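In what follows, a structure is listed as structure tokens, so that the remarks can point back to it.
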Amino acid sequence: MKRIGMLTSGGDCQALNPAMRGVAKTLFNGKEPVEIYGFLDGYQGLIYGRFRLLTYGDFTGILTKGGTFLGSSRTPFKTIQIPGPDGVDKVAAMKQTYYKLQLDCLVILGGNGTHKTANLLRQEGLNVVTLPKTIDNDLWGTDMTFGFQSAVDVATDAIDRIHTTAASHGRVFIVEVMGHKVGWLTLNAGMAGGADIILIPEIPYDINKIAKKIRERHDSGGRFTILAVAEGAISKEDAALSKKEYKKKLEKRRVPSVSYEIAEALREKSGFDVRVTVPGHTQRGGAPCPYDRVFASRLGSEAGELILKGEYGFMVGYKNREIVKVPLEDVAGKLKAVDPDASIVKEAKLLGISFGD
Amino acid sequence: MKRIGMLTSGGDCQALNPAMRGVAKTLFNGKEPVEIYGFLDGYQGLIYGRFRLLTYGDFTGILTKGGTFLGSSRTPFKTIQIPGPDGVDKVAAMKQTYYKLQLDCLVILGGNGTHKTANLLRQEGLNVVTLPKTIDNDLWGTDMTFGFQSAVDVATDAIDRIHTTAASHGRVFIVEVMGHKVGWLTLNAGMAGGADIILIPEIPYDINKIAKKIRERHDSGGRFTILAVAEGAISKEDAALSKKEYKKKLEKRRVPSVSYEIAEALREKSGFDVRVTVPGHTQRGGAPCPYDRVFASRLGSEAGELILKGEYGFMVGYKNREIVKVPLEDVAGKLKAVDPDASIVKEAKLLGISFGD
Amino acid sequence: MKRIGMLTSGGDCQALNPAMRGVAKTLFNGKEPVEIYGFLDGYQGLIYGRFRLLTYGDFTGILTKGGTFLGSSRTPFKTIQIPGPDGVDKVAAMKQTYYKLQLDCLVILGGNGTHKTANLLRQEGLNVVTLPKTIDNDLWGTDMTFGFQSAVDVATDAIDRIHTTAASHGRVFIVEVMGHKVGWLTLNAGMAGGADIILIPEIPYDINKIAKKIRERHDSGGRFTILAVAEGAISKEDAALSKKEYKKKLEKRRVPSVSYEIAEALREKSGFDVRVTVPGHTQRGGAPCPYDRVFASRLGSEAGELILKGEYGFMVGYKNREIVKVPLEDVAGKLKAVDPDASIVKEAKLLGISFGD
Amino acid sequence: MKRIGMLTSGGDCQALNPAMRGVAKTLFNGKEPVEIYGFLDGYQGLIYGRFRLLTYGDFTGILTKGGTFLGSSRTPFKTIQIPGPDGVDKVAAMKQTYYKLQLDCLVILGGNGTHKTANLLRQEGLNVVTLPKTIDNDLWGTDMTFGFQSAVDVATDAIDRIHTTAASHGRVFIVEVMGHKVGWLTLNAGMAGGADIILIPEIPYDINKIAKKIRERHDSGGRFTILAVAEGAISKEDAALSKKEYKKKLEKRRVPSVSYEIAEALREKSGFDVRVTVPGHTQRGGAPCPYDRVFASRLGSEAGELILKGEYGFMVGYKNREIVKVPLEDVAGKLKAVDPDASIVKEAKLLGISFGD
């Protein structure tokens, strides 16, 4: 018999349940009997021994459900490493739970932070298989993460809706899309929503070029302009600052986010009525889109098969339309950002989209 | 031959195009020839003589389109009344355009502000027929306005999405719904989205009762709480202030809106992780929902019939499932708010929803 | 303590779960303790004593869920009345279950057939409160039934999608909408989807008038024509037949439904490429729309309040925007059909829609 | 100056407009002046010289629109090759239009049939660049075609809706998904919708194995079973027939499609209530999904760039997440079917899905 632990960590997203269902159905449908323990609220459940034995029924009817039925929490890598004010050595506690339950393997679903911890547990000798969950699509070692396409759909819907109101009123509208470090989500939602200007962290912007683009649109008869702006969009001046200086500057920011900063600057420079909309957490909520359901199910079933074969220490990823296993040490601590010279950026520019660069 | 002017004024919403299509198809399908002049960007077009002659084709294929193909603008009642810095007497200018084009009637689509001006034009001797457009459903004289149900759908979708992320993380989430003066939209979206607490301008809240409700939910095993909060939600203390004092207080507010104020207070009082999401302008954008398409088409065709019959000075409204004509003087300057003793409020309370009162 | 039985009967629809949630939350939130027994698969559960005691948790998280968590079945009125081949006197069996469980009241959710049986049980001395569930909106005594608006949304979405393909290919397309006896669903979805021709049971059609309308559209430059056709649409000739003759004719029909019959006739008469699409059971499936969630919740909570007050023998309905209680004997056996002279039909005709009459 | 012809051919699908917009924006944004001629209704427009000169405005606002604004028609390869009853040598006529307008290149959007003709025109000496449009995803030389993901979304939505009604009534439901020759759409929608059984042309089924699977589900407590069945699903016996014999058998089929045949057989073998739903043409209609909008825009802009560079004779495809140019002679006449040994099929089986094989 195999004994498997399962947990979801970090910000929730839309296809965690289908992915877990994929793992579990594959394991339950295997020849060997299996017990699956679900840890509650991410690594917290593993640390403090909060779990329950899951049955086949737990994985039924969850294909279309957003969120994670196990709960999740953001457990920063550093707080895992360093015994906290509660005096608990968290790594030791996790190992203790693992060994006490006599687990053969942990299945961990999460993004970048989660993978750092997963790799740490692997280094500590635990068997780990991971699945790439994030709406940011910024995990190294996989072309795609689940949650991403669903988030693109939600963000695009927001841009679509803003389009009609922007066109009716002849306004400049900024839609702020999630993504502090990478711009995949903004780039794709921006292209899908027909944004005229897309600002992402990887391509620092020049506010004057943005203002110029808006004026040009206006002068050639365009009534409105839509900007898709990543949470982590950054101006050329700010990108030239040292990390420390930039952090200091952020602390002094009077407005809630960069979008409002850009809006203020554009109002001044262009004289236009500039509005900001922030779909926020809706982007990670709701039912997974069909693409993500299939994709997460496929990754999940392959993770299940790895476990059945006893192959541990991998993230199940997707490369060149093949599902692949990627050594955890290759994934942890790396970021997959948009290459400013990537063909998708070139294509967006051919379509007339400005990146403000 | 009849000569009709048409304009959409105020914030755009989702069924302006179907409503105009309803008027136009009815007029074009009538026996008498008709010319329809579309004024651009609301009253601005009437004031400054910006219009174009519309054809049957202009009204084809717009049933499913959000926004208004004529454009709109917010023209506050006061700036219409008082000659502005541009020296133009706007009422005189509107009359001049009307008479110059030898119009038989103006069809005006809009909300409360728009109706004040429409009534003013009626008093000045122009023939006017209006249609009740607003996502707020706050127009006096009609049970329903178009745009409302579509906005309920968008706001509900936001609450639905927040539900999965709130449940996964065990958080308290505030979804701020449009509505500065009335709570219809928040009340309906809140009930449709399964909000636990609904705060509307008509029922001032006690922050301690809200905190208590959250604690109770938590104590009885609830992992999360969802609040649907109208933009114009107000505390009992603030409701007790004079208008002047309240305005002064608002000017000093450090946060963008009441939701953030409530979030801060709840964080302090309950210790919970409280987040705010603001779907904002997405609520008035995108395709009209089927309900609004039928409703706006029906009102539009009845407005067309009134014009064919030469009956002017009315808003086409909806009362007790009958389409009715309401004298403009009865509509202008009034507000249809949620009665705190209405049966829908009672029913919401029976369902366990708290209004913080 | 109150002991309540609950069942859903007839074809499922989209807001059964919210309605039951409304009843249950109101009862559980009341002062008196309450036990709710859920009968499985409609009257079958009552007849054969298949039920389970429901808890508060059963009604949590079901606001957005389609179908009915209790299951349903179509139990024709006649098989209820007459002891069947299994020798069971079903009415006696239902009474026996009722008395054995010492129920105070049965809450029954269903459409026309369901209400006949509910009234029969009332006549037999049982306490009954009912809720009007049907996508057909054909229940007498209420302006609206839950499930209806959700079905309108699904059927409209189908017509919307067919629009783009019809326009691209210049085709005549028939979308067959549910409704054997009444045309509310077809009428509303047809108007919402911009159908050019709407055929409903209440207004028999002349195939030549339909062909003429299509030719006229074509001659005036229209590339395509969309027909929304109710399952029960009927030609003038067929409407003139006796019931017996018509039934006989239906038995000989070579095609699956009236839509295909109309398509064949139009192909012959007009020479156009005529296609048929049948969304079928999708119209009653999926999440309830926000309108239905609010509406069903409201009716449910009012039903709960009636029970708390001990008022039995009513359907909770909706009249002139007020929630009302309608004596069951007034509801049973009657049908609310579209009046061919209703204002909505007149308005549809003003918009240029043909009913083929 | 460049002079470009553009046409869409074959069944319409959801991202034709974004793809054409991508080509046109890239060409119009290029340095060289360009004229784009749009041929109406596919090859028909090229044959009979029906076209119009397109402007930048024709490509504005069409990113979210389904269908094709140029119109399309199915022009079977054979009728193109052989002068028809109208005496027109169609290939000669197409060449004549091309040379008369002094075109530099034809941009042709279509599926398999379209590509055969496109290659024929290339062989005849015309410059051709093509784009892979089909909901079937069966074009050789590209991993993905646009229209596919949008169709997956629609078909999945149908399965989702059927789920709630199947569960409520405890029924067996067949959802018939488009695809006569290949099963990509059915496979993906089936997996996304949580179908229990998926039948595709590439994997002939054994009706007894399907009946067995349904019984097993029932015996282990499953109330319902969902089958996703491709239009071209085929039994093992039928697959063993010669093409001629099979065609003969199809002509004698009493029911509209294979789904009804399977339903009848299952009713007999299993005794269950088996229903069929056919979403039909809705699968190719409506707005393109965000994935398709981005994908089609990218392919379109790359096609535009090829033309700017004067590289002709290619289909713009997608291989291993790179946009590639595929020689037309490699594409024409080939089919990309599902490999029964593909990893996605294996994964589906790990999830417990039966293919009836």
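Chains here go by letter, A, B, C and D, matching the order in which they are written, and residues are numbered from 1 within each.
Heads up, the rule we're going with is that contacts are C-beta pairs under 8 Å (C-beta built on N, C-alpha and C of every residue); 3 or more make two chains touch, one makes a residue touch a chain.
Predicted model only: the values in this text are computed from it and were never measured.
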Set of chains whose contacts include both chain D and chain C: none
Required minimum of steps from chain B to chain D, each step between chains that touch: 2
Chain whose average C-alpha position is farthest from chain A's own: C
Where chain A and chain D are represented by their mean Cα positions, the distance between them in whole Å: 31
Mean-CA-position distance for chain B and chain A (Å): 35
For chain A paired with chain C, centre-to-centre distance based on mean C-alpha positions, whole Å: 42
Touching two or more other chains - residues of chain B: 160
Those chain pairs that satisfy the touch definition: A-B, A-D, B-C, C-D
Contacting residues of chain A [partner chain D, same complex]: 21-22, 25-26, 29, 63-64, 143, 149, 152-153, 156, 160, 188-189, 191-194, 289-291, 293-294, 297-298, 301-302, 304-305, 320-323, 343-344, 347-348, 350-352
Chain A partner contacts - residues on chain B that touch it in the complex: 8, 11-12, 14, 16, 41, 65-68, 71-73, 154, 157-158, 160-165, 167-170, 173, 223, 256, 275, 277-286
